[in-house]
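Letters A, B, C and D mark the chains as written, and numbering starts fresh at 1 in each.
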Amino acid sequence: MNEIPVGILGASGYAGRELCRLVHAHPGLDLVFAAANEQRDAILRLGRRELRFVAAEDAPLGSARLIFSALPHGASEEWVRRASDAGARVVDLSADFRPGNGPAHRTIPYGLTEQARGAVSGAAIVANPGCYPTAILLALAPLVEQGLIADGATIVVNAASGVSGAGNAPKRELLFGEVTEDFRPYAVGNTHRHLAEMRETLRAWGTAADLAFTPHLLPVARGILAAITVPLRAPLANPLGPWREAYTSEPFIEVSPEPPALHDVVRRNVVRLSAHLMAGTRQPMLTVLAAIDNMLKGSAGQAVQNANLMLGLPETMGLPA
Amino acid sequence: MNEIPVGILGASGYAGRELCRLVHAHPGLDLVFAAANEQRDAILRLGRRELRFVAAEDAPLGSARLIFSALPHGASEEWVRRASDAGARVVDLSADFRPGNGPAHRTIPYGLTEQARGAVSGAAIVANPGCYPTAILLALAPLVEQGLIADGATIVVNAASGVSGAGNAPKRELLFGEVTEDFRPYAVGNTHRHLAEMRETLRAWGTAADLAFTPHLLPVARGILAAITVPLRAPLANPLGPWREAYTSEPFIEVSPEPPALHDVVRRNVVRLSAHLMAGTRQPMLTVLAAIDNMLKGSAGQAVQNANLMLGLPETMGLPA
Amino acid sequence: MNEIPVGILGASGYAGRELCRLVHAHPGLDLVFAAANEQRDAILRLGRRELRFVAAEDAPLGSARLIFSALPHGASEEWVRRASDAGARVVDLSADFRPGNGPAHRTIPYGLTEQARGAVSGAAIVANPGCYPTAILLALAPLVEQGLIADGATIVVNAASGVSGAGNAPKRELLFGEVTEDFRPYAVGNTHRHLAEMRETLRAWGTAADLAFTPHLLPVARGILAAITVPLRAPLANPLGPWREAYTSEPFIEVSPEPPALHDVVRRNVVRLSAHLMAGTRQPMLTVLAAIDNMLKGSAGQAVQNANLMLGLPETMGLPA
Amino acid sequence: MNEIPVGILGASGYAGRELCRLVHAHPGLDLVFAAANEQRDAILRLGRRELRFVAAEDAPLGSARLIFSALPHGASEEWVRRASDAGARVVDLSADFRPGNGPAHRTIPYGLTEQARGAVSGAAIVANPGCYPTAILLALAPLVEQGLIADGATIVVNAASGVSGAGNAPKRELLFGEVTEDFRPYAVGNTHRHLAEMRETLRAWGTAADLAFTPHLLPVARGILAAITVPLRAPLANPLGPWREAYTSEPFIEVSPEPPALHDVVRRNVVRLSAHLMAGTRQPMLTVLAAIDNMLKGSAGQAVQNANLMLGLPETMGLPA
């Protein structure tokens, strides 16, 4: 009762379905439509409720106070504008309004929640971050803020993601028989779409560090783990210090002396972080480890976290921690 | 006919069992004993043959012209010496005689085959390299030889291994229920045993580069993939050039413009390599990717490759490429 | 507030840990101790809470109104009696008081909840059913009640379970490297411990049918699927009818025309059922399919369901459906 | 040298690729073409050889003495006839000429090799059996031949297959994210295509037994395991006797007192069998267990076994046992 009406565009992909589940279970939100052109009329079971996808054209945009768009990159921008014109506030999970993806993002806050609460709260449209950038930028932010990264450094990021990051469109290279017992890098040579998003954000934060980013595909359904090796300006007495300090009261950030694993974060809207000085190098080096569930903190979970802020609800409402 | 008699110590672990299979299928070798104290009297089926493990004390060391030791680190050294005293030549798969593991290695060749054929051929004892070092050192060797690594560089190595690298002793953290759908770093902070092996070898090759090494455990049975990010002295016109040049005629090294995946190398005694310039960094950076089957090129396969050299057999004999 | 104090014995196994998580998240229960001799002092993280296991001898049995025992078969009986003597009501997840496991069960209700609500509600001790029997008996009950099974029939049950059913004690055959990409029958020839439990229950229900039961080990963490082929007394016009009728208002039983899959039930305290007439056989045959999460409806979830009844709480409280 | 020229139609599916590998490694065969319309010009790496797929229309049918067709059901028949008209002998891996798939099979031998050597050796065209029928019929044959099955019995077969059995065409339900940690029955209610193939073969062998067949999809790449529960005419003193007797000298059939597992058979062209009396049933019941690699003994391997017979080569040539 008194739940806020929300809608979902692009509801049939993995992120869209996760949004459906989160909104369905959210005590402050009421799912008034879930649109999915390709799978219109398909049924998604949510506990005892059966949800039928509608065509986007048939979605009552005006009936929702907030709309999530989980449409594909490129297709989302237009629908975000339509939803906004219909009077709804919008959380866009696509890349269309993110930094590094064209000029649109200049007026649209980048919803890395813990770094952008003020801007998110009042925004008409929020660009929800990509999965890799969420893990990596939350890991790097305290080092940047505290000026600990060596001048002219190249930060080396190796990360691995479960297959849900690639969506549920049928592709041969994502078949079970192709992925099981395999592990492979992709977008090698600094060619991943998320690189511009991270670079531009780091630049906006005032750091000149470069990134060398190599993502990999893991034979797991969900989860991202990033290992981020950073040349330091000077040795660090307490390697966990910067994160402990920066994230003391964050409900969705866990800082631990133990390296995180996917099992620590899967099905939870958290990022889990550790940091380790590398023994035996002349240049002081720190390896920061970050793990998230790419479907939650890496997409649908953070989207709901942003929506909670935009709607004046408690930030943690309806989110599994 | 005219097969050379060989024996195996430590035959019941994953590497030992792989050795049993390779020797059994090898047209030039005859397996005269397979010793495994803990599992003595257990039966290993090799096609139609059933092989019974004997106790090490009962193994007829003198009957073999060459003995493989796949005993655990620490336990191997004594048995390698006993086998050598009994007149057999020895390939030791443990770390006991490897660089970085004490003084013993000074007189024992380090059997990274492609870099050490001469020394291996005539050796009484060969220290078979570790799995990670095999992939990483074969990837780095051409850069070192051709002087391409930036002065004072720290090379960042992230690698991931299937569970067979951890052996088949029952440990809770290696149970299926703990590993499936997980991915986790371990030995963080430059603490892995293989680091000294790699460092000392690089030093012997004359390079002053540092290593920052983070290994991970993959939910797969076998395979290692390493992503090695190297600051270069200068940009490289043809990123594959150094490997193409160095490894032209190597039967077990594949150089490819495509990034390697575990599926490319599993059940094959090869290392598969690619190299990629990282776009958009001020310091020129190269990411070299290397994949091996940790049970073959990373242990038992390379051991047989070394044994072939020591026994005057064709280097590729009995090895799946 | 006003939460009922409960304790857990045998808290460190997979079922015990699942109980800890359920009780921790349960709005009506307060976890006052979790005992685990072998892992005493180990820490289990439950959201933001860190739970420390105590030794069973140190567990304040008298402080709990209800105690769950997830101790191993054989070891549980004594502790169940101690807990009962201390004044707590007990749900025993071991086999010790189940039908087919000795005479103790005659005075202890068998807690197949949907078939035993009255007896469970008032009981001092409840024997929580095994995982396979839960799925199979809930599938068979409507056929038995409605007298549909052919006289003298042998019911053929093939079932498969994820590895969590085998517990988390380290055993070589449960290592990831042994289970991945494998599938194997076990306890063949009608030798599984759960067979007596099922036979005696069917007999108590008044049916003379025999069972031929072949369980298998699946390369998944959790979930059980059973395929139950039943010779019918006569063809059945509506194959789903018996279950639709018997289970209309059951909150944790789902009846569907589509065959169930593990993904339908994992992390949910439900059994999902379908039934299919077998085309082209002279003897009318029905195949009933049943899926459960072995950790929830198959053990810890059903245990909490029973505890809810015993404590006068809503039966569905704290249970994910 | 003196290798026999063979060709492959439908080379790009999983079975077709397995055929390419087997023929490439076969010492008596020379692969003169591999046709794959959809993936024409794609490259398959076979060791150091790179094989380019051609369009079927461009395949030089007349240059091959034997042609394998791994084309889809329905599409294969026409190409089998074309290949035959061009003078090649043909092994057809599709269902088009198998029993239960129309009248064509009456003049075409059904290549369940161990049961049909004479007919296969002289045939112009051989219908290679389906994967499930290979395992199940080889398991049942000795019981049929020795008249041990109870009159009017229904044999209950539950079987599970790895995903390669479903081919490599991209389908959403076969994506890694859908299959991992899942297990599901399909073609329930005796509706699987292979049922007619098995029924008609059993009828041809003179038995009147019925089948109730429930297949399942396993989260593994390859392998089939079938559990076959058979009502017996009378108890059997030695449950393994019928298979030991029937298959004494078979190179590709293994009979064992231990239940088989996928790991026993994967990457081997064998069927592995065990048989177990079911304790405690009034009607004597036997459960026969059969495991194969669906890509080898279940398709491409048996196809090469048949080709060896047709070409006068040793039956085991080029096949991993």
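Criterion: a residue touches a chain if its C-beta (ideal position, glycine included) is under 8 Å from a C-beta of that chain, and two chains touch if they have at least 3 such contacts.
Note that this is a predicted model, so its numbers are computed, not measured.
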Select, from A-B and B-C, the pair of chains that is joined by more C-beta pairs in contact. A-B
Among all chains, whose Cα centre is located farthest from the one for subunit D? A
Quick one: report the Å distance separating subunit A from subunit C, using the average Cα coordinate of each chain. 37
Here the gap between subunit B and subunit C, centre to centre from mean Cα coordinates and rounded to Å, is 46
Quick one: report the Å distance separating subunit A from subunit B, using the average Cα coordinate of each chain. 38
For subunit A, what residues touch not just one other chain but two or more? 162, 178, 180-181, 219-222
So, in the complex, the side of subunit B touching subunit D is made of residues 47-48, 180-181, 267, 321
Please output the residues of subunit D touching subunit C within their complex, sorted ascending. 152, 154, 156, 158, 160, 162, 178, 180-186, 188-191, 195, 199, 210-212, 214, 216, 218-223, 225, 227, 229, 231, 259-263, 266, 274, 276-283, 285, 287, 289
Would you mind writing out the residues of subunit D in touch with subunit A in their complex? 14, 162-164, 168-172, 174-181, 219-222
